[in-house]
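In order of appearance the chains are A, B, C, D, E, F, G, H, I and J, and numbering begins at 1 in each one.
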């Protein structure tokens, strides 16, 4: 079950450099583990913005929430979700 | 070069059934040719909306415009574009 | 899997009375069949608006889209979807 | 008398861990007491957001305000209310 | 139970003069009957707009919806509702 | 001359308890004096929000501004004004 | 008593040329009579838009509404009003 | 060449009283010098808001920017500009 | 004096093919004459939209309005204007 | 490949004067190097705002992102991007 998820990040400017680096390292590790498991299918940077557009492929709403809520950057993110379905023009259907 | 494109469709309610069916058949054919050539990388239906979210992979802005302007449904669409770049957490980089 | 769905209806004012009545009868029948099957869990009128707020309980995004796209009033609706998950304070968890 | 209430939470990032845990424990207890009494009929997490969608069933606007104003998290919430009425397609009417 | 209700009116420009006059006469009569019964407590014109701001005092959400849905101008209105409660500074409380 | 005024309040969370209580006491006293003089005709709490909807009846724009600018809570408010006029359906005109 | 009023005009494209010319002539005459009487103090075209920004100086909200409602173009306008007061830095006060 | 300029002011609440008074005195002096020279043609307070609507009459965009950028309150303002032209109904043209 | 101007076009779908072609030919001729004279400095298509972003270099607001008002497509456009000034980092200043 | 980029700047008011001057000097140097290399084709100040409108001419989305992400002021900017294509009325095509 696919979802498009846009995440806009705003890390507080007063966060100490070391704390910020640790946070970003944990975020990257978290994201890559889910990419490897196949649930975080794609991730792109939105050009010129501290934001990404991602495609998730998960078993349920509950699982998608669990993943997003667990993001190390979650407290510093605004998240927007678009549930997706198969498009009738998709050649994968043919 | 990747772009996320959201297309919202609003076909005029007074369009005749036959004209509409022809239009939609041409749209499907147009979309599938570009999917096969690899420029229209993904297309998903946005759940509960007459809209799709698509990923394009094209050589230039000019080419993306040429493709979108040529959509049979273009006169009945509202289109929103997000230019994409590689995300540093993408495992494809590793 | 739960979704909150808000549907705003705008029936064209030029639609003939009989066509409109038929359409609304079909909409009611369609909705009630899904309420009886348990997928359309709740439906409320939004006070003072030609709109409803509904809770759906379905197996997948695909199924939710199939239901909404099939609504007799779909061509006259604007639909907004909020995917839902269990809330940790829900007493049903206790 | 039913109301849909969406609550978006933004706890200040500088709040001490202990104060935050106490606050959240009081919020949960407050919510569950009202769920048990039947006035807070449903509560769902909005996927990927620090937000909930709830259905209240109360005797008056005054009572709804009293409940919301009393939420331990109220000073950290943005709240949006939709008054609800019975929908003519609701099978509970049949 | 009080509600502030703002109604914005947009009568189709193609409506015949006589039909429009009849409609407006019925609207006025309908409004004035409810003003006399006490449920439609106040009505003001919003300066420079085809709109009014009204205060209703009704027994329930159901009753408010019944009143608004029954407005002869309802199909030509956009309606926005704010549920009201007693304000602690109101001198009527003293 | 009537005006609808909506005031949304956001008191800084770091304000000391005593300062806040003094401020709120002065606000209440200020509001009630104007209610007694008849210029602040009505005040209601907007349900679930730290906001009020008020009706003022003043001699001029200048006077309305003087009143609002003088509110003890003014520096912590966002204010929205709708100038009102008599509505032709108002039974007070009959 | 001053008000800033922005008027955006959208004349239906199907209006006959003669009817449109008559309407615009009546609008001009109406506006100029009020400019001469001093109530319509200033009128400017908003560059690149079918819109004007005007300053009115009237005795009351009622009078402002009467003027605006009477505009020949009123049914084709969207109007936005900002009540104005004397600014403490205005040199006219010195 | 005329421009309508709306300035919304938000002075940081932590600014010391003396610093704030100095800033406001400089702002007033700056504004009044430009009013006397004729470039700042009008200034009105927006009722109930810490905002003004002003009309400038300057020789160029460059000059307008120079004036606004030099405002002592500029770092605390949000500014919105509407370029103006002569309106064909303006009686000054007759 | 520079202005950025964004023009969004919406030609009525019922316009006859010949009338539309004539209109577009006149628009092109009008635009190109002004490009040659140097007042319409740049024009770009906004990718995927029936819209352009243009830079104008004109002597006054009046002249900019005259140009835009005279566009053959003006009745079918929504226009948004940003007045521009020299940027202090512009290397043309060095 | 052209892009219009609008950058709105909000430097934290608590930043020390020296740090701010250094930052702005680095920003200017960075911008001017890219202007000289031809990738940052134009930069204008938006009148009355701490903002600029720029035209970039780059080889890819990746390169545009690299440039913008590297801006010394990037952490204090909100950036909005419009991909551009050749306009059929552009005289450069003739």
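Just a few scattered comments:
Keep this in mind: contacts are C-beta pairs under 8 Å (C-beta built on N, C-alpha and C of every residue); 3 or more make two chains touch, one makes a residue touch a chain.
The shown structure was predicted, so the numbers you read here are calculated from the model rather than taken from an experiment.
Path length between chain C and chain H in the chain contact graph, taken as the least number of steps between touching chains: 3. Chains making contact with chain D as well as with chain I: none in this assembly.
Chain centres here are Cα averages; for chain A and chain E they lie 45 Å apart. Chain centres here are Cα means. That of chain F falls 27 Å from that of chain H. In chain F, the positions touching at least two other chains are 2, 45, 47-48, 61, 64-65, 81, 83-86. Screening every pair of chains for touch gives A-B, A-C, A-D, A-J, B-C, B-I, B-J, C-D, C-E, D-E, D-F, E-F, E-G, F-G, F-H, G-H, G-I, H-I, H-J, I-J. Per the touch definition, chain F reaches chain H in the complex via residues 5, 12, 61, 64-65, 68-69, 75, 79, 81.
Interface residues of chain I facing chain J in the complex, by the touch rule stated above, are 2, 4, 27-28, 31-32, 35-36, 42-48, 52-53, 55, 82-91, 94.
The part of chain C that touches chain A in the complex is made up of residues 1-3, 60-62, 64-65, 81, 83-86. Contact residues on chain I toward chain B in their complex (touch as defined above): 13, 45, 47-49.
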